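Have a look at this one.
For clarity, chains are labelled A, B, C, D and E in written order, and residue numbers in each chain start from 1.
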Amino acid sequence: MPQLPAVINGPAPLSWYLILSAVLFALGVAGFLFRRNIITVFMSIELMLNAVNLSFIAFSYKLGRNDGHIFSFFVMVVAAAEAAVGLAIILTVFKNRQTLEIDEVSSLKN
Amino acid sequence: MPASFFPASAEYLRILPEILLTLFGVAIMFFEAVLSEARKRIFAPLAAAGLGAALVGSIVAYGSPGAAFHGMIIVDGFATFFRVLVVAAGLLAVFASAEYLWRENHPGGEFYALILFSVAGQSIMASANELIVIFIGLEISSIASYILAGYLRDDPRNNEAALKYFLLGSFATAFLLYGVAWIYGLTGSTNLEAIRLALSAGGAPPLLLTGAAAALMFVGFGFKISAAPFQIWAPDVYQGAPAPVSGFLSVGPKAAAFAILIRTFETAFGPIAHDWQPLMWVCALATMIVGNFAAIQQSNIKRMLAYSSIAHAGYVLIAVTAASQTGAAAAMFYLAAYAFTNFGAFAVVTHVARKGERYVKIDDFAGLARRQPGMAAMLAIFLLSLIGVPLTGGFFGKFYIFKAALDSNLVWLTVLGLLNSAVAAYYYLRVLVVMYMKDPDGAAESLPSAGPALKLAVYGSAIVTLLLGILPGFVLDFANRAALR
Amino acid sequence: MNFLILSLIKAAVVAFVLMTTLAYLQWIERKVIAHIQLRVGPRRVGPHGLLQPLADVIKLLTKEDILPSHVNKVFYFLAPFIAVFFALIAISVIPFGTEISVGPVHTAMQLTDLNIGVLFILGLSGMGVYGVALAGWASNNKYALLGGLRSSAQMISYELPMALAIAAPLLMLNTLSFRQLVDAQSGYYLGFIPRWTIFQGPVPQVVSFILFCIAVFAETNRVPFDLPEAENELVAGFHTEYSSMKFAAFFMAEYANMVTVSCVATLLFLGGWQPLWPAQYGSSFLPTATFLVGAALCFYHGFHPARSFDRITLPVAGVVFLGIAAVFLIPPVSAVLLPLFWFAAKVGFILFVYIWVRGTLPRFRYDQLMRFAWTFMFPVAVANLFITGLVVALT
Amino acid sequence: MTLLDAVLFLPLIGFAALLLIPKQFSRAAALIISLLIFIVSLGLIGPYWFANPSGYVFTTDAVWINSPPIRYHVGLDGLSLWLVLLTTLLTPISVAVSWKYIDHRVKEFYAFLILLEFGLIGVFVALDLFLFYVFWEICLVPMYFLIGIWGHERRIYAAVKFFLYTMAGSVLMLAAIIYLYNRAGSFDYVAILSQIETGRLTFTPRAEMLLFLAFFISFAIKVPLFPLHTWLPDAHVEAPTAGSVMLASVMLKMGAYGLLRYCLPLFPDAARSSAPWVAALAITGIIYGALVALVQPNMKKLVAYSSVSHLGFVVLGIFSFTQQGLDGAVYQMLNHGISTGALFMLVGYLYERRHSLEIAAYGGVATPAPNLSIIFLITTLASIGLPSLNNFVGEYLVLQGTAMEHFTWTAFAAIGVILSACYMLWLYQRAFFGKASDGVTHHIYDLTGREWAAIVPLIALMVWMGTFTQSFLPPISAQNARILDTTHRLKTERVQILAPEAIRAR
Amino acid sequence: MDSILFLIFAAISVVCGVNLVLQKHPISSALSLVGVMGSLAVLYLLLGGEFIAMAQLIVYAGAIMVLFIFVIMLQNAGGETRGKKRLWASYAGAPMIAAIIGIGAYLIQHAVPHTAEVTFGAFQHGNPFDIGTSLFENYVLPFEITSILILIAIVGAIVLARKEIE
């Protein structure tokens, strides 16, 4: 790692990172709630997971241990598995209904 | 390579059930690839054997209790109880689906492999002692469940169930994770015991934040146990998924989710129990009310059972609200009784629904008592148990829960819960009425008699339901001894 | 600001060399293919067509930039940039030689030495798919879309065996920094067998080298894996709708990727700038010898009466070669240039194989291609990794 | 293993046996089983025949569940003795009256009937609160099916209503039981009672009142007490004859029994302080039931409302807190069981013939069926409370006991007696006298041998109980005295905690 | 410099995040998400997470998002139409989200000590060696059971998406 000269090393408060994480998480929630395209909804979930990862890494920095990195690694793996299955499910839905509008996928209920 | 790099053999013993389940799952996938179509009947027995082995494995694992893998999991009575429970649920699911899959022209090893993997995930959840393991276990169980819910991929109902289950489930998981992140940040650990220590120590992090983190985690758990207001997925999923899968979903993942809920909230968040109790109180009440009052209006039996399972989650939440050892024991017993009862009900529904699940209206059960008195009697037992009539497991479950609640001075919650259970009687009775007091619809095609495996599942569930109602002592004593703290 | 200036200078040098290489790689390819096919290849522009790349560039720059009316404009413009951006940025972690000192400045022949260089490359190669996929999609053309889909599917599929193939030598060398990787391959068995990864014990990584080579052929959409651009099936694949500079960008990205992966293969498996045999057996004289031979050939052909065309160019080239050969004999300069020579030689060899393969092998069918990835490459890569891991763990 | 255990579990065994026996034998098997149970149960009188033991006899106390300590604790005392016998007697009779009446799903019918017997006996002998609750709920299920499957047109509505009313009440009782357990550390009735008596377990007035209410509402629904009675007419009208008989004769007694067994001794203060209110409801029920019965065009409904009225007497007697009142109440429970049971049977006989329950469809029945008319008349008179027939004794005792404490109550309650004469006699007049219509003459025939056999024991009992009161009353009185003793003593001396010796000294 | 870098990439990620929510076409959303991931990777680097930053690029941006884009392209569905049902969201949504974010930010600002600052290079345990050591010692069990998860994902994708073979 090349080291930058100390002069231009201005630290950023840790809470900024956490706030950024919260903002992204909230955006993800908003996307989940307000969007109607199934894939976009799913991507909003991924955004939430990313926000969580940022929190993990930031906390890891604060605690000076790398557990948080491990956790976000697991989160990534899980997200990958989730994406594989989720997109497969979305494909089956699309195959049977020809639509990705979440409101139109509602044949159940009475 | 240092010798300490490899965990001790006792530690492997402690995850024996998971190892066995995974091995059998992989074996099934292997045979799926190499066997001819004609030989595919062996999958169900193979899966059953795997689950049986896991059952034995859990008991063997209980022979050497303790934490393993750096405290990631812990094998204790509590874990063993839930392990046995989820494995039994898997076993029932295998029995109930063998015939179903042939009926729907979808025989295949994947189904059983997924059940085994899902059970493995639940088993991990049962014994997890660390938030990350909880999370991964939860995901293993959930992702397998998503697939199972949409297993008949040409059926739009299945697709929809899988989609909703998946989207809302992942959404909830994100909340859970965010909560975990904050707990990690605040307490510096994800080990439940360590969190407990951190929260009870002098310099505990601000309650507002721990509370917020706990609430975030509860959102995640709440989704999995279908607690109000996070229950919205359950009716659609249970209605849309294949009937045996619905049965499995309403039992296995739910029990495991409760296991981690109880373990997390009573171990890790035990020191702040007084602060989360009011929230849990409201949630329990809302869950019961939503479940029961929505169930009354249903005409589809799967949907009705879905709402009923929401209501039952509400009852268990009462026990969780009690935040005591008796509460935990009551929840354990209730979940055991509920598991067999509810699965049995779904198994009968599986049978009556017939090919393509065309007969899932409550009215389709008309005259079942005449056509197949045995099945009708079993369903009657299950429904009575769900109502909470004595000599069934459901009764003792409710009894212990309300007892635990009163122990913790939750008088009003108890009374409201009891009134709720009286309301619930109404919609269960409707099914009984239709079965026993209405004549079969002439238009309905004849109902073939059930195959041996399904019968085994139904009658087995009924026997356990009755056993838990007549001689609850054994299970209850174990639960009492095993309950946390 | 020392660091920044130095970085800028290095970046400029690398960029210039890379661009030139890319341009002439194209020329070399056409020449080699032509010779394989018993043609002569380009020779109109400049001697032996040496100015052909320049002409091509001018042509592409001045061509009309067609913007089809039905495309999604934002992504249509974005796609080539993405492709070329990730292709070029990858070169920044590739070391070309040992550390050098010019006056007071001591630096590595590398833009930056990340201790996760290998991962960086993997990450970027994953990002490269976007350019292709987006181009296919944004063109709003079914051939382009199919081409885009095919090539992204192919790239994803082959990325897996590629990553697994990379993992095996990493297990042995125990680092992710390219520089340290090369250092870990220094030395010789029995005094003359180089400890390159493909020869190094306990598990010589021949299998993973082969797997890596196959996978990168697919990663870069080269023959025999150039299905996405199969002219007879899909017109020109994802870049059907692209013309002029935007087309050039894709072109450049492809060649840049070829160079990058060749460098990676060299660094990972072929010992980077480590010479083939020890200096005490005269390996440091090999460049001089090579260029001398080259010069001799040039002179021979230049003065050959049958080659009236090359009467001037070949002798000039010969003189240049002689000069280079001389340069390699100057001790302080040769210390810098020797590693560069070895590195360039190995990369050049791999690039030559690329072209060679293109000239000789037919194209796969699409299903064959995917099946090959999942049923052959993947299991073999896993097995190789497993064996390597086991052996490494046991020794 | 005592005789009582045998009486309790024989029905359960019988239930299982009935399920296994082939369909065509189920009638005979049910009769044999129920008769056998009755004969065995007669042995229960033994101790009371030879002596008048105080406390419980035939007790069995075994562990059922370890934790919480739920015990299988059963025993018999003067209060439960006759109720058990009433149950075992009426079951074979019910089997007999259903012989022809039930023509489909016969096996299930008898199975449920026998299962009902099991639950009922259990309710009357349980000495563990939890066990009591279990039996209490078990009764619900077979009755629900009896009404719902073999009832008349609106059977499903009636069955569900019945179930839900009872269920709603009993869940409150469950809460109270659990609360009691949490305070007392035991479900054992005897243990809890002794704790209360010795003052080791005390409640705040508010808690006691809430507990009392929880039990009381559950019992009051079952009795049924006035505003909670609405399920009863529906259930009675829609139930098959045997169901009506069991429901009216035995199941309603569960409520009254519960009041006597649990509400009074366990929560004496609350019971006493609420007595005026309860009495007011009981009197309202007496008069209301009678008035509504008066205008009923439907025979069964008439009898049902008369039950509301009669049971009002029972509750009134219980809450008079006098020896006579309590004795009368218990006696009236038995009387009502026999006379109303007989009435329902007779109405059922009529229905089997004419297939109508409307009074208007009858008239002049006396002509084609003189024997039936006579039996009906005797039963009617017994129900009215003619001296020397059973009801007289009960009503008299209740009124006397009430009068000793609250004369106004008596005055109002007496109106009910008069009204009962009105509606019963008017019913008799309309149904049996006058000119027989074609429908009546064509369909009505006289009693058959089986019908005779079923009704005669009840008629005999009416006379016996009306004349030889002392054959029945001593065990009841003794038990009632104990209950009263408890409540009185606690009322007066609750202020200081008594040592157990002091209690025994009394 | 650290804070400047943070602000630049935070701004990129937030803008991309907002874009993800606002864009009508899934592909635009997907690319916005890639943008978020890329800038987050840089932030991870600032926090000392070298390995995780690369994993972010490889796994998230390079694999997961490619899968998304792939599926979007396969289905070739158009942008979503404006639904009447969600009209309330367009009015109430933004203020609501803003309020939640505000509260969250306030909480966080007060929860984390102001002295905690992020200096590039201060955190040294994010390199592959340390991560690997943790992963294979403390976290070996989660790591192993993750394999079940991946197996499930493979099986599931096959079960759900494979073509019916006649």
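In this text, contacts are C-beta pairs under 8 Å (C-beta built on N, C-alpha and C of every residue); 3 or more make two chains touch, one makes a residue touch a chain.
If you're wondering where the values come from, they're calculated on a predicted model, not measured in any experiment.
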{"item": "Chain at maximum distance from subunit B, centres defined as averaged CA atoms", "value": "C"}
{"item": "Chain separated most widely from subunit E, comparing mean CA positions", "value": "D"}
{"item": "Chain nearest the overall Cα centroid", "value": "B"}
{"item": "Pair joined by the larger number of C-beta contacts - A-B, A-E", "value": "A-E"}
{"item": "CA centroid of subunit C to CA centroid of subunit D, Å", "value": "98"}
{"item": "Inter-chain centre distance, subunit D versus subunit E - centres from mean C-alpha coordinates, in Å", "value": "70"}
{"item": "Centroid spacing, where centroids are CA-atom means, of subunit B and subunit D in whole angstrom", "value": "43"}
{"item": "For subunit B paired with subunit E, centre-to-centre distance based on mean C-alpha positions, whole Å", "value": "31"}
{"item": "Set of subunit E residues in contact with two or more other chains", "value": "51, 55, 63, 67, 72, 74, 111, 138-139, 142, 146, 149, 152-153, 156, 159-160"}
{"item": "Subunit A: positions in contact with at least two other chains", "value": "1, 4, 18, 28, 42, 58, 62, 65, 67, 70, 74, 78, 81-82, 85, 89-90, 92"}
{"item": "Sites on subunit C at which at least two other chains make contact", "value": "114-115"}
{"item": "Complex contacts: residues of subunit E adjacent to subunit B", "value": "107, 111, 136-142, 145-146, 148-149, 151-153, 155-156, 158-160"}
{"item": "Subunit B residues touching subunit A - in the complex, by the definition given at the top", "value": "132, 135-136, 139, 143, 146-147, 150, 153-157, 159-164, 166-167, 170-171, 173-175, 177-178, 180-182, 184-185, 188, 190, 235-236, 239-240, 298-300, 303"}
{"item": "Residues of subunit A touching subunit E in the complex", "value": "1, 3-4, 8-20, 22-24, 26-31, 33-37, 39-40, 42-44, 46-47, 50, 53-54, 57-58, 60-62, 64-67, 69-70, 72-74, 76-85, 87-92, 94, 99-101, 103"}
{"item": "Complex contact set, residues of subunit E against subunit A", "value": "1-4, 6-7, 10, 13-14, 17-18, 20-21, 23, 26, 29-30, 33, 36-37, 40, 43-44, 46-49, 51-52, 55-56, 59-60, 63-65, 67-68, 71-72, 74-75, 77, 79-81, 83, 85-86, 89-90, 93, 97, 100-101, 104-105, 108-109, 111-112, 114, 116-123, 125-126, 130-131, 134-135, 138-139, 142-143, 146, 149-150, 152-154, 156-157, 159-161"}
{"item": "Subunit C residues within the subunit E interface of the complex", "value": "74-75, 78, 114-116, 119-120, 122-127, 129-130, 133-134, 136-137, 145, 148-149, 152-153, 156, 159, 176"}
